[in-house]
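Presented sequentially are two complexes of subunit A, the first with subunit B as partner and the second with subunit C.
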Partner chain A sequence: MLTSEVRSNVLVIHVGEKRVDASKAPSFKDEMTKCIESGQNQIVLDLSAVEFVDSSGLGAIVSCLKRLGPRGNLAIAGAKGAVSRLFTLTRMDKVFALHDTVEAAVERLSA
Partner chain B sequence: MASSISLMIDSDLDKVAHIASAVRGVCASLLSTDDADAIELSVVEAINNVIKHGYHGQPGKDVQVLVSLQPDRVVIEVLDRASPMQSDLLDQATEDRFAFDETNLDEVPEGGMGLALIRMNMDEVEYSSAGGENRLRMVKKVGPRAS
Partner chain C sequence: MKIRHILLTLTAFLGAALLVAVAVQIRTEILQYQTAQRIAASNAVREPLLLGANALADERSRTVVLLIGPDDEPGRRGDLLEARRRVDAALEQAEREIMSRRSDLRDTDRSLAALSHVTQDLGRLRRQADSDFAVDPGQRGTEIVSRWFKEATRIIDEVQSFRLTLLQQERPQEPALRAEAVLRTYGGILSESIARNQALLTWALSRGGGVPAAELEAVSRNAGRADLTWELVQGQLTAPLSSAVKTAIASANDEYEATLGPLQQTFLAALQGRVRPAIGPDQWYEISGRSLQGVAAMQQALLWSSRVRVDAELDRARWSVLLWTGLLLGGIAAVATSILVVRIRVVRPLEDLNSAMLRLAENDLTAPLPRGSRTDEIGEMSDTLRVFKANALRRQRAQQDKQMLHGRLKDAYRQLRKDLEAAAVIQTTMLPPASVLGDVRYCGLFRPSSLIAGDTYNVVQRSDGGVGFFQVDVAGHGAPAAMVSVASHQILSQAILTKPEGMRLEDLVERINGDWPEDLPYFTMILGEIDPRTRRGSIVQAGHPHPLLIRCGGSVEPIGDGGFPVGMIATAAYEKLEFEFGPGDRLLVYSDGLVEAENAAGEQFSEARLCELVREHSQVSTGQLLDRLDLALRKWRGSEKLDDDLSVLMLERLSERTHAHAHV
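And then the complex of A and B:
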């Protein structure tokens, strides 16, 4: 469900699923872990194609952040609608930097 | 005038999206996007809990969802026949779940958010068990609808 590329030394991970929910969370975590273990620690997670995230999906994103460690950054790009609402409701918008676009997120992380 | 629908799925996490779609389909034209999002999230979290915690991930069990559309509210009930949830879990689930220190990653939750989210998204939430059946009843009050 994930595709990725490196831009300006930042790993951009695009989530291709419309729903990151309890059925998808375990494989999402596995795929994210592989990306993180590849050595990149400045990461933008592109959620612009995602319409729905539940607490399992959110928890998987949080656990990736924790796995990244103190020298890493995991920024979120393109969260909208119900997805952005979930981040706000849970105060996860204070834990993750949320950007409207991948470009804005990459610019911030590569600065 | 109330109208209701009843949906039944197998206890399979892959099927939860179908129920979400169906519930959203029934309600969407009557609700604001925010209210529809709130209901969809609550229904998904409730069913996830039944499948993961009630039935311990066992497939082949029934989860029933009843949706009742009333002039001023939407009532959703999620029914299962698993062992009952501990009654104080619902009382303890509040928005305090998210009152963590965001500068301390250890405090940021990775799980156990479902009940708090249901209580934050719905106006009334009640849990009861009788005759081997558990019922989570969730009510969303809706404002006057644009005609």
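And then the complex of A and C:
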């Protein structure tokens, strides 16, 4: 479900699913936790392929942020449409740094 | 045809073939034995007949001598009686043999009749001879001797032909026996020829020169017959005869050739030339008597040899029958044993295996398997079947365990479902039915995606008359979300009712958010209140979809700027949105299950469609509007099932008049 790469010392995680909902949230959370525990603390989560995130999915993303803690950064890239609206509705745009593209997010985090 | 039938049939067939072959052999041997017995019987009868004929010839000669000459020697009558006794003894012996061997002889009645006829004739002839003896020798005519001789010869011929008939009935096939029988016949002819001439020439010699030509002719015939017979006897010597027989034949022949043969010719020549021969009748009688003894010895040797041969053949046939009968019994035992062994070692185990396999194939695992520890193919098949049964039993146990587990799971599921149904009833009971509080009328729509929901709502009135309300949507689904929804229902209802005078709504939410245990799922909500004194309402939007404000005039607008869900970020700050809420204005609060409901194509119902629908029906009553909404959503989904919990809460401020009416 997740593929990752390192760009300029930033771990970029691409989400390969169209929906991150209650059925996908637990495995999403597990895979993210593994990435975080591998030592990376500058992470960009690429949601450009995702069309829908429900409350469970949002909870999973937020729990990753909490796990990363103050020593790291989790930026969101490519959120659009319903995903973007959900972030706005729940004020997550105030919690996560949202970027239109992965490049922009990587550039910001690596700076 | 089954294997067991093939095996048993083959064994039985082979056994039957063997037994038939042996039985045929036994039958042959029995037939040979019976033939030997018949030959033995025939020989046993013919032997006394032969001796009887010889004895009768002797009696004939003695009687002739007594009839022709003066009875000057005292022993001659005694010798005749002795000769008669020998004849009688031989004939009685023949009769006894016929009686005792009745079963092995043919036409015994006729034989006995013939014998009886011979005895009667002989008796009559003897009586005649005895009366002739009483006549003075000088008075006896030649016709008396001639008649005696003819009659006695006729009886001897009868005995001989009777003997030959018996031989004809049982002609032996074995070459030596056959040759011996032929030789005995020749011996009989020889003996008779010599004996006739003994009598005839004795008579002729005693009469001197006056011998009738017919008598001489007869003597000549007898001599010729004897010579010819000797040639025939010589012709039989190529047969496999015993040395004793050969010696006896040679001895008799030598005797005849050396003395009697030439002497006979000499006498014959002399009598024909009416010359008186050199020796007298007594001497002739004695010489021919010796030759007869030689022939009789030859006959005895032949009889002895035949008896030995027939006895040997009888013994051989008897032993053969016994041997083959033994073989037959052995064969029967072998066949029976073979069938028994095939049955016990092959057929029955195969049948047992077969029936066990059929029962196992029908899932009858109680089928008993053949016992035993055989190392052959049947043992291997049996072992394989044992493994098969063990596996089947294991599978059956596993299946039973699985079914038991399945049963327990079903029970557990039933119990769980019962619990959930009870919980659903409780949850639904907590939701306020459509009602009016102060001048606010409210109405709800609640459709959980499963039995219990993470959605809840409530409307309460505080003691100061203010009407507080909330709608909650707990993250996730199922029992955890439902339990948290119940908890939040309780907490929020209490918080509204006990909110201190002057405490701001957003501070209340912040406090609840701050107190929310981190381990519990977060929830989104709209918490609001409607002031009974002013025409205003206020809400705090915590991550929940924007409520729609439906104005009295029909305009519809989403309100709110969003906000953090409760229980997600402990330090989150909240804002309150105040809005005008006059009589006839309505507020529609809904959970995301409404706008995110997807149709078959995966398209969401969306906020835009909701706004349009509400606008379209902005003039209908609250209850009807909720019904339309429910109907539209069902149509959109195309089914009764929902993926997410759905709840809608509508509040309406009544006009003064409606308010009063509502209370009526």
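What we mean here is this: the second predicted complex is superposed on the first by the 111 of 111 C-alpha atoms of A that agree within 3 Å, B and C clash if a C-alpha of one lies under 4 Å from a C-alpha of the other, contacts with A are read in each partner's own complex, and residues count from 1 in each chain.
Everything below uses one rule, namely that a residue touches a chain if its C-beta (ideal position, glycine included) is under 8 Å from a C-beta of that chain, and two chains touch if they have at least 3 such contacts.
Computed from a predicted structure; not experimentally measured.
*Asks:* If subunit A is used to align the two complexes, do subunit B and subunit C fit next to each other or clash?
*Replies:* Superposition check on subunit A flags a clash between subunit B and subunit C.
*Asks:* In the overlay, answer first, second, both or neither for which of subunit B and subunit C A:88 touches.
*Replies:* second
*Asks:* Can A:71 be said to touch subunit B (first), subunit C (second), both, or neither?
*Replies:* neither
*Asks:* Can A:54 be said to touch subunit B (first), subunit C (second), both, or neither?
*Replies:* both
*Asks:* In the superposed arrangement, does A:22 touch subunit B (first), subunit C (second), both or neither?
*Replies:* both
*Asks:* Going by the touch definition up top, name the partner, subunit B or subunit C, that contacts more of subunit A.
*Replies:* B
*Asks:* Can you tell which stretch of subunit C collides with subunit B among 330-338, 438-446 or 618-626?
*Replies:* After superposing on chain A, the stretch of subunit C hitting subunit B is 438-446.
*Asks:* Once the complexes are superposed, what residues of subunit A are shared between the subunit B interface and the subunit C interface?
*Replies:* 22, 52, 54-56, 58-59, 62, 82, 89-91, 95
*Asks:* List the residues on subunit B that touch subunit A in their complex, please.
*Replies:* The touching residues are 13-14, 16-17, 20, 33-34, 37, 40-41, 44-45, 48, 51-52, 98-100, 102, 105, 108-111, 113-114, 117, 120-121.
*Asks:* Any idea which subunit A residues touch subunit C in the complex?
*Replies:* It comes out as residues 22, 52, 54-56, 58-59, 62, 82, 88-91, 95.
*Asks:* Can you name the residues of subunit A that touch subunit B in the complex?
*Replies:* By the definition above, subunit A touches subunit B via 19, 21-23, 52, 54-56, 58-60, 62-63, 65-66, 81-82, 85-86, 89-92, 94-95.
*Asks:* In the complex formed with subunit A, which residues of subunit C make contact?
*Replies:* Touching subunit A from subunit C are residues 473-477, 521-522, 524, 543-546, 562-565, 568-569, 572, 592, 596, 604, 644.
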